[in-house]
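Each of the next two complexes has chain A plus one other chain: chain B in the first, chain C in the second.
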Partner chain A sequence: MFKYNKLWVYLFILPTLLVFLTFYLVPIITVFTTGFTEWNGFNAPKFTGFDNYKMIFTDDNSLTVSLINLFKWSMIATFIHVPFGALVAFIIYRRPFGWRFVRGVFMIPNVIAVSAWAIIYRFIFNDQMGLLNNFIRKLGFTNFHTNWFFDMKYAFSAISLTWVFYAVIVTLLVLSDLMAIPKELHEAAKIDGATEGQIHWRINLPLIRGSLGTSVILSIIARITMFEAIFLTTKGGPGNSTYNISVMLYDGIVNYQFGYANAVATIMIILGIGVLAITTKVFRMNKSVYN
Partner chain B sequence: MKKISFILVALMLVLSLAACGSNNGNNSSGNSSSNGNSSNSGNSGDSGTATDDSSSNAANSGSNNAGSGKEVVIKFPSYKTGNNVGAIFFLPQIERFNKKYAGKYKIEIEEIVQDEYSKKIKLLYQQKKLPPLIEVDKELADIMINNGDFVDLKPYIDNSPEIKNVLIDDSVKYNTDKNGKIVSLPLAFERPIGMYYNKELMQKAGLTGFSDTWDGFFSDLDKLKAAGVTPLSLMTGENGWTTMLLASAMIASDPEGQQILTKGDIVTNFNSPLWVNTFTKVQKLLQDYTTKSALGATYSIAANEFFSENTAAIANGPWMVGDFSNTDKAAEGFADKVGATIYPNGVALGSADGYWYSIPTGTPQEQIDGLIEYFKFIYSPEELNAFLVAEGGFAPKMPMPDDSKAKLNPIMRQLNDEVGAKMKTLNRLIYDIVPQSVADLFAKNLPLLATNDMTPEQFCKAMTDTAEKFKK
Partner chain C sequence: MKAKADFLKRGIIGLFSYLVLLFTVCISIVPLLWIVISSFKSNKAILNKPFALPTGIDFHAYYSVFKMNNFLSNTVNSVVISVSSTLVALLFYALAAYSFAKFDFKGKHILFVLFSVTLLIPGHATAQPIFSLINETGLYDTRLALIVVYISAGLAVSLFILRATFLSIPRELDEAAYMESANFWQVFFYINLPLAKAGLSTAGILMFLGNWNEFFYGFMLTSSAQNRTLPVALQFFTEQFSYNYTQLFAALTLVTLPSIILYMVAQEQVQQSVVSGGVKG
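So, the complex of A and B:
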């Protein structure tokens, strides 16, 4: 009987397994193996050992700059983006007047393509006709001129502003966890004399650590793969001030260095796995919050 | 009952996957006989791929239709669309071709911005899904020539005296590979790139034109500035086009630089006084003689500064002239205020050495025939003269008839006169002799030159490092 059921289990797994093998595993293996080759994308790859990695780590400071920028964006994601999304979730959780409307509006930026946002932000941050500078000039600073995306001092911040407050995924994840907290816990805490702040701090926050961890993972991985917002605005410039590992990969592709690009992609995968492992550990995500 | 449910669900899952695959196949065949607008659902997330599928579908459509005596549809992407100045002549010319060959050939253009064109072609080549007509840069051309991926145009050109007789010999030579194949359509015309200036604004500084030397040119810029006029429309966004033109002219003015440009080999070392001095001057231009909007400006912003009479001059090719009298872009009568010249030291830019239209191998014969007809059409005396009248330049082997000369825009006529009287050398652009990685970096680092966050030496070193990195 057990053997018979096992057959059905395998049969049901088969479609997913096929999809995984075709669309995930084979490309990942291709990326990993061709990272050790010289390949211009048009001819057969030629094995060159660790040459691409040597080029990435020693030829110039592209990787260092990319990792520094990734670290800074990860900090912004962890300490501003995720807390902001969680804060909105806590506010919505109290169901104040118009909470459904706020939730709907908060969702809008996430249903607009990143590439469209990038173009919109080019206009917002434009020196002459941009909304931001015109607003500043209206405040009385009539001679104010800054081209946010093209001034080294501001480009990094300008790029960060294109995503930092769009945290609806965080809000939805946290909100669903908040709503799943049994009311009995809150009632028991109130009977014991806990204030609302104490309930949030000592009960709600620990119980949503799983969704907070998931949010941090998703946010940092989105920074690793962030491309459109950079490419359609600054292209990683001015200089290297907004350069990141995705643009580095793109540079490899447009210069016919597909082996190099895939070595960069391998580093991206390793970074993603690292983020997953560390965040899981820090937020104790593999343990139930109710234990 | 449970077993039957299990079997049904499992079958549904497996069949739904199989259906996805077969559906694609059905779509493909369906598209072959339709207008080719549908995109493959499997590629819907990738616009480049999806679009190319349309192209290849159009190709299939063309072949099938040709076989059945129907109109052959030839679809390819072009950047001479939308706001691109080249669209003004190119798109109506395509319409004229379609009208002339109605029922036989039809060209459909897919719109793409110039900045992305060559990148898209590279990606399509890598996917082996090239459209029937492409324009390639030197780097990609070298790879495609080595792989034998271009249709040899020589037999077609030899059989078409109307094309052969107008081609510039140097261009034919450049486009002929070591095996004697002509890999892209040689040019029949030369269009020197110069500069346009606002005569009224120049007069404010007591100038009637720019000086013939670079020292004099900078002195003219100072005079303009002193008269309260911002001298130049420069840009650091996109590919830094107008700024790159002035830098190219400076390089061409130096004997060593002129030699480099004439030779045409890809340059990977910029750590020499020639390049450092040039970018020192470019830095001065960006810091002292242009608008604040130049930082990050795209071509449209730079051009708009000139159209709006905020700047006295802009460097660009003769294809821009049509825009001066376009009231959507400039005020009525603006064209009357514009004069044209070449660069100091008798330098003009643009060269007949370069690749133009190529046909990739694997293109159906019906489409190749259609494209050869298109080449004959654009090189016919009426079309070639109309082109030169509209976009400037001259065809060395086809003197312009008097009626065409009479139609010539006064600005274009002035540019032709300047070329005739002053031009000592016609040179390649910097972008013709640097790798793509350097061209990308050039635009990315220009803002740093402007804001003094990078010295010219660092600018040149960064270009060298990037060129070396991707040199293989």
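So, the complex of A and C:
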């Protein structure tokens, strides 16, 4: 082993450590502690115990609404978004004509700004000039008129449509798991007389549970942090039918209710870790796949 | 009989597969094609014939977008902020990743765990302390504010990608360089960094795309029109000029195009980074 001055190593870690302290550790401690205070950013935080939490859980219904919306969106993520992404992966795995093109194009909505995508969808759902309503009217429903984002009945579905089928991350994660399955497994199954459906259900599906679990975690956490798709379209309305926890946090900060905002942020962090823990268990992700 | 049924079944599965793929392609590119095509149409044509093609190619809307509303300075802001924060972040995290990959030191394990755990913090949960920090340091409404915030954003993922890259560079190379009496910095900079190009570009592209597209902090930490980044400017543009669709679509095209071009140039890295980082989205 060669000789080097240990100081160098610490010097190399130092910038990252400073970033970590300034933008992660100190902020997280601030969030956890000032969630128990009344604080507007100008005077010193005043300790008020669980008042902020009592307020968000009882006084106004915004957290309840946010959590119900989060639950509904999580269900949509788990039972439509992830299966759709996995379906595309299973199709692409067989390398049909044009599979590279599909995989490449499917990624495009994910590399452009979410804010731009939200604004594009505002136009797609526009009643007069939008693609969707004009398409529906072209199909023969000539009197169809709906303002998707501004209608109590449709706003929630409209927000969901801006992301539900854009599941390329799921597709790529599942695809890389599928490609890692040894071909011998499939051949052995075929010799034993398994049909293609059986191979998918009995062999492939259990072997890709790791990527499915990761996909569920990522897509639910994306629902917790979903901001632009709501803020730039419905702002949480009409009423509070599309309100969520990220918009709630934002509202708290811009109204200088810092204690309240940080109580919301604390719940956000706990939710994120909870989702991780539960999903890891359900998909048995900590158990090795091949043994 | 059985062969025929089998044939039919295969046909149906094949047809279904292609319908799914067709649907996937349509939802991914039709919205963007529509935006680009509409940016060459008149306001009236956009409103009355949403599916029609433009009558000619006219870049007038693009010209006026740049002429008004600080769009040029917004573009400059986006470029300066995204590029500089990505480069500084790459340097910072490459230094740390190199130390984690190749050396043992006190506190190594706990530091790596702490850095990794930042991945679990949902994006905006720390927004208030960061908002206050930027206000108190007098950085509010400056480019520097966004640069420092964006530097911090890529910490965990970049560290993972770069650490794996440095781990794959053989130690024998380092040792040979030390024999030739190279110092610590030289071994890092002249031997390891050039060999880490693949990881650096993957992490760099991932961070650049994140920064270029970022809206939340850009919106929260700027107030004056000339200091906004493109995604934020786009939002104000949409609110103010909701009647001028041609220009709006031109602006949308301008904001989305760089990301798409970068993606097309570096498709493999972007897809790879998604699988290894498993983050965005």
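Simple rule for what comes next: the second predicted complex is superposed on the first by the 266 of 291 C-alpha atoms of A that agree within 3 Å, B and C clash if a C-alpha of one lies under 4 Å from a C-alpha of the other, contacts with A are read in each partner's own complex, and residues count from 1 in each chain.
Operating definition for what follows: a residue touches a chain if its C-beta (ideal position, glycine included) is under 8 Å from a C-beta of that chain, and two chains touch if they have at least 3 such contacts.
Here the structure is a predicted model, which means the values were calculated and not measured.
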item	value
Touched partner set for A:Ile119, first chain B, second chain C, both or neither	second
Chain B versus chain C as contact partner of A:Gly237, first or second or both or neither	first
First, second, both or neither for A:Phe149, with chain B first and chain C second	first
Partner chain(s) touched by A:Ile273 [first = chain B, second = chain C, both, neither]	second
Which superposed partner A:Ala261 touches (first chain B, second chain C, both, neither)	second
Which superposed partner A:Leu139 touches (first chain B, second chain C, both, neither)	neither
Partner chain in contact with A:Ala44 - chain B first, chain C second, else both or neither	neither
Contacts of A:Pro15 with chain B and chain C, given as first, second, both or neither	both
Partner chain in contact with A:Met55 - chain B first, chain C second, else both or neither	first
Touched chain A residues, chain B compared with chain C	C
Set intersection of chain A contacts, chain C complex versus chain B complex	8, 12, 15, 19, 41, 128, 253-254, 258
Touching residues on chain A, where the partner in the complex is chain B	8, 11-12, 14-15, 18-19, 38, 40-43, 55, 59-60, 126-128, 145, 147, 149-152, 234-239, 251, 253-258
Touching residues (chain side chain A, partner chain C) in the complex	2-6, 8-10, 12-13, 15-17, 19-20, 22-28, 30-31, 34, 41, 87-88, 91-92, 94, 96, 98-99, 101-116, 119-124, 128-131, 134, 138, 165-166, 168-169, 172-173, 176, 214, 218-219, 221-222, 224-225, 227-228, 232, 246, 249-250, 252-254, 258, 261-262, 265-266, 268-269, 271-273, 276
Chain A-touching residues of chain B, taken from the complex the two chains share	6, 9-10, 13-14, 17, 119, 122-123, 125-126, 139, 143, 147, 236-237, 292-293, 295-296, 301, 435-437, 440, 443-445, 447-448, 451, 453-454, 462, 465-466, 468-470, 472
In the complex, chain C residues that touch chain A	14, 17-18, 20-21, 23-25, 27-32, 34-35, 46-47, 50-51, 91-93, 95-96, 98-100, 103, 105, 111, 114-115, 118, 120-133, 135, 148-149, 151-152, 155, 159, 174-175, 178-179, 184-185, 188, 209, 212-216, 220, 230-232, 234-235, 238, 245, 248-249, 252, 255-256, 259-260, 262-263, 267, 270-271, 274-275, 278-281
